[in-house]
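There are two complexes below, and they share chain A, which is joined by chain B in the first and by chain C in the second.
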Partner chain A sequence: MDLERQQQRQTVGDITVPDPVICCRGVNVRYGDKPAIRDVSLDIAHHEVIAMIGPSGCGKSTLLRCLNRLNDTIPGAVVTGTITLDGQDIYDRQQDVVQLRARVGMVFQKPNPFPKSVYENVAYGPRIHGLAAGRAELDEIVQTSLQRAGLWDEVKDRLNQPGTALSGGQQQRLCIARTIAVSPEVILMDEPCSALDPIATARIEDLIDELRQNFTICIVTHSMQQAARVSQRTAYFHLGDLIEVGPTERIFTNPRHRLTEDYLTGRFG
Partner chain B sequence: MNRPELQTVAASQQRVRERVGRSLRRRYRAERRFRACGLGAVLAGVLAVGGLFVSIVSTGYSVFWQTRITLDIQFVPEAVRAGDFTALVRAALRQQFPEVEGRQDLRQLYGLISDGAGYELRDRVAAEPGLSGTTAAIALLAADDVDQLRKGRSDRHAPEAERIISDRQLAWLDELDRRQRIHRQFNREFFTAGDSREPEQAGIRGALVGSFLTLLVTLLLSFPIGVAAAVYLEEFAPRNRLTDLIEVNINNLAAVPSIVFGLLGLAVFIQFFGVPRSAPLAGGLVLTLMTLPTIIIASRAAIRAVPPSIREAALGMGASPLQMVAHHVLPLALPGMLTGAIIGMARALGESAPLLMIGMVAFIADVPAGALSPATVLPVQVFLWADSPEPAFLERTSGAIIVLLVFLLLMNAAAVILRQKFERRW
Partner chain C sequence: MQTSTLILVLLALSAVAYQLGRGRALQLVGGPRRRRDLHSLPAYYGLLTAVWCGLPALVVVAGWQLLDDRILTALVVDEMPAGTRALPPGELSLVLNDVRNLVAGNVAAESVTPAVAAAAQRWRRLDALGHLGASGLTLAVALAGGWLAWRRITPRLPARNHVERIAERVLLGCSLIAILTTIGIVLSVLWESIQFFRLVPVSEFVFGTQWSPQLAIRADQVGSSGAFGAVPLFAGTLLISAIAMLIAVPVGLFAAIYLAEYASRRFRTLAKPVLEVLAGIPTVVYGFFAALTVAPLLRLTGERLGLEVAAESALAAGLVMGIMIIPFVSSLADDMITAVPQSLRDGSYGLGATRSETIRRVVLRAALPGIVGGVLLAISRAVGETMIVVMAAGLSANLTANPLEAVTTVTVQIVTLLVGDQEFDSPKTLAAFALGLVLFLVTLALNIVALQVVRRYREQYE
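On to the complex of A and B.
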């Protein structure tokens, strides 16, 4: 029975990619005594969008928050296994967590701009990391980041207004601009559109597609259509296990694991 | 389809409607009763506060005026040189009533003017040396009993035996009044003089400065320490048995009777560390102990009210924990922390019990020069005056309470304004 279950939960599909940027091997996370994810191994390639899908509580957000060690802030969270970024173990004692988060940015479920001006929101990262030599350079970083996030035309006349005064979709794009202002290698997105209307969602999805040119993006989403639209690879999680990984098109058209199929066809979830 | 069944459903729906209708009346009655009770409670509170204010203000407002008697003072150079200004006052009084003779009567006559009038003259001459050798009409401070009589606080129609002012003194006063020599003036001395045994000379300057210095010490110590403790406990401390113990103790500390802090201050600060007795420094240290838990608890609540999404955003951008706190959490929590600090300060301003223990209850006539010189504070001044037998001190007591209440109201208003102005909604 136990063996059978184990076999059933073994990841289906190829978890490896050539020249990965992030490489997870045997990752376990538990919150106190409660296991959140079990033995997850997954590679993430350069310049791809990988979607993580699955029913609530399946551990996809947990894995995402391991990648920039944001789980460190949760008391009782224990992470075992190895996660490497460009071959370097991010849970190594030598790894500085501030440095890591400058390289792995994050966009959250609910837009969370700082209660400061639009300009200050974007300038915050470059400022604390000392990326700009002077005001002119900082201005330029702010402008290009806002342009890349497709927000510049909407906010260029009100850079000094509070970021919290923007609409929900604009706030989320501001958060994306804030993240890309420090030129991270990977951007983690935790259900970035779940608080937005369909039009704002469409804009963010377009943006994700453009950002793929320069960044690697891991996106957790509840919307299977969104996963299908924006990602190249999809990973399906179920109750803390990584069930199936593969090219998005293959997963959606020809899922190999029964659980994946059940989820995609709407039998549960 | 099934008609009988439909009928029973309709019947039960009808029954539900009736029952709801009946219970509605009961529910509304209960609601009206509850509202009436609430309104009654609020009214009782408002009445209590209103009664308090009316009683204090009605006894205390007259302190802001003081009776003065204008006399023609002859600044005889010899007396000025000798510094015998009381003789000048007495001479001026005798000049008004040349018919008065005999030691007893003269004592009564001199009793109309305050003993402090001589000092007033001395200060006047010190400021204007040219007065020596001239004659000038000068409004002199009346004795407290005269002042009380003029303010209608003692009954002039009572039998003489029950009056402090004798019939002869009454006659002289009426005569002075006829000569238009009695006036009411704004009581500047109440705000510029220190304490005195004579109520008409007693002022709150010493207590005000003492309170200010004490609160300054308290604020300078308790705000940084309280905020630092709150930030550490909320943001950095590990959750373990030790921090739990600290947390419980902080909450307990907030409930400790304040006089216990006074005893502690006496034993530790004065006996052990040798801080000067009665000094605002000692008072400030004791009040710091008392205010700290308030500030820590308010600051922790303010920090906890900062939404976790802001913290995550900052950490996600690669801010170090200290940067997260300094750039995002503290600015957002600061209004709440300041509100807590102001409320703590207001409590400290009104506190007297712990200060009695460390000697701030001594009679100190001088305005304190610094945090190390002996001082008293407003509430203790109120306590001291309330203990004095002279009826005029009753008015001073209420006057000092009015000033204390004004400061407390100002501080609370500042807290409310701060909260409204900087309150953020997410």
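On to the complex of A and C.
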């Protein structure tokens, strides 16, 4: 029985891709004594949207927060295994965390605009990294970021108003604009639509599809429909294990692992 | 019966009433097994009976306490010889004072006039009678109230709702006491201030630069001009508060940032209580620390540097006051910083900001309104602080911006004006109330603004 279960927990499907941007091998995370994910190996390809799905507490958000080392800010979090970004170990002692996070941006579950104006929210990243040489260049970055986030037309007349005064969906797009303003390679999205209404959700999903042209996107979501709509590949997590990974269409039409099938057909989750 | 005994008896009666009320409710439905036939739990019927027994009687007791002196005085005066009654109010009250003293046994019976002795006799008799009457009335009210409530108990009586309404009234009463007391204090200060401003024009008080409240008793006395220009006091208060805030705001704020953002949990649990001990030190202790340690030290240092430092300098008082206020600022700022949601920090870290960038540009920015509110509260604390400045700042009303000189503050002057035997119709004494009014208005304004700011900030993240 135990042996069988052990075998069942082996990842089904192809975890590797040619020319990956991020490469996880044997990643384990525990918070204090509590293991969060066990032995996860997964590649993420350039310019793909990969969805991470699974029931609550399965470790999908934990893996996401490993990719930009945001777990470092949680006391007691221990990460083992290797994660490389463009072939470079991000948990290396030499790695500059600040640099890493500029290359791997993140959008959070709840929109969290800073208590600043719309303009300053977007300008925040470029300012702290010194990406703009002057005011004109900064204006340019802010405008293109807002345009790419599909928010420019709605806020171009109120750039000086506080970001917190926008609607929930606008706030989330502002957070996306803020993230792409520092030109990251990868954008991590942790359930970006869970606090939004269906219309705002649809806008964000369209946006994700457009952003794929320029960025690699890892999205954690509770909505299987969302995973099916926006992603090219899907990874299914269960209680800290990566159970199955593969092309989204194949996962949803023909799951190979019984746990994946149970989850997708709504038998639990 | 003594009032305290009376209250104890009332409590006992209420306890009995509780049992009786509860018992009657149960008995009406036929025992504890059928208590579901009652509208409310049996205890509520007991409570209702007890309240009706105790509360009205307590009101009678309180009323008697407030009125008995006045009633007695009126009755005693009524029986006095016509010549005494016709005296002007001032002299009449002197006679009454004699009577009271005699009643209290403060003077020997031989040393007073027969009229006073007779009045005292009457007073004693009436007082005893009054006490007896009041006790009787109280007990009667208690018994009647309890009996009426007990009679009214039926299974359908919504005792629970009645008790709820009574509880609300009692709570309202308590909050009214707090509010009315405040209003009373304000009115009394206002009243005396108006008396003062009849003698000294407002413009002289607010804009005059000469403060010398000693009044000449003889015409040829020198140096007692009686000038009431409060500007030097305002300036002194401002100077000392400014020095205090210069110390307290940066130190308190940075301490709060360290504790909230950098310190390990162990250090935090150790350091926070220690920091708050500072707030628990009595201000009089700070006062002699300022006067006996800091002031001489400053003087010595000043001499080495070739500076003239007064023995009681604004700097010494301000420094120590600043130290006193540090925990105030730091604990408020710490609360505000901890209240900034983690998601904002994550958002900033996620963009590649370092910890200090995140604190400077996001956390402090978000906590700023709250911190400003805390600082305003601290200022109002500094302006109203008395003990330290009384001991360390001095009494001379110098109009100066030099922190090395002695200055005096509004609070210090209030204390010196009212210490000792004073007559309550001289501008010197009344000036204390005018100063108190100014102090009150300033701290009130600061507190209102500060609380407004803090509240608006709290709403933002809750």
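By our rule, the second predicted complex is superposed on the first by the 268 of 269 C-alpha atoms of A that agree within 3 Å, B and C clash if a C-alpha of one lies under 4 Å from a C-alpha of the other, contacts with A are read in each partner's own complex, and residues count from 1 in each chain.
Operating definition for what follows: a contact is a pair of C-beta atoms (placed from the backbone, for glycine too) under 8 Å apart; a residue touches a chain by one contact, two chains touch by 3 or more.
Everything numeric in this text was worked out from a predicted model, so none of it was measured.
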| item | value |
| --- | --- |
| Fit-or-clash call for chain B and chain C when the two complexes are aligned on chain A | clash |
| Which superposed partner A:Arg178 touches (first chain B, second chain C, both, neither) | both |
| Which superposed partner A:Arg233 touches (first chain B, second chain C, both, neither) | neither |
| Touching partner for A:Arg9 - first (chain B), second (chain C), both, neither | neither |
| Partner chain in contact with A:Arg203 - chain B first, chain C second, else both or neither | neither |
| First (chain B), second (chain C), both or neither touched by A:His257 | neither |
| Part of chain B, among the options 4-12, 58-66 or 76-84, whose backbone runs into chain C after overlay | 58-66 |
| Set intersection of chain A contacts, chain C complex versus chain B complex | 68, 70, 73, 75, 98-102, 105-106, 108, 110, 112-115, 124-125, 128-129, 164, 175, 178-179, 182 |
| Residue numbers on chain B that touch chain A, as the complex places them | 239, 307, 309-320, 323, 327-328, 332, 424, 426 |
| Interfacial residue positions of chain C with respect to chain A in the complex | 265, 341, 343-354, 357, 361-362, 365-366, 460 |
| Parts of chain A lying in touch with chain B, wherever the complex brings them together | 68, 70, 73, 75, 98-102, 105-106, 108, 110, 112-115, 124-125, 128-129, 164, 175, 178-179, 182 |
| Chain C partner contacts - residues on chain A that touch it in the complex | 68, 70, 73, 75, 98-102, 105-106, 108, 110, 112-116, 124-125, 128-129, 164, 175, 178-179, 182 |
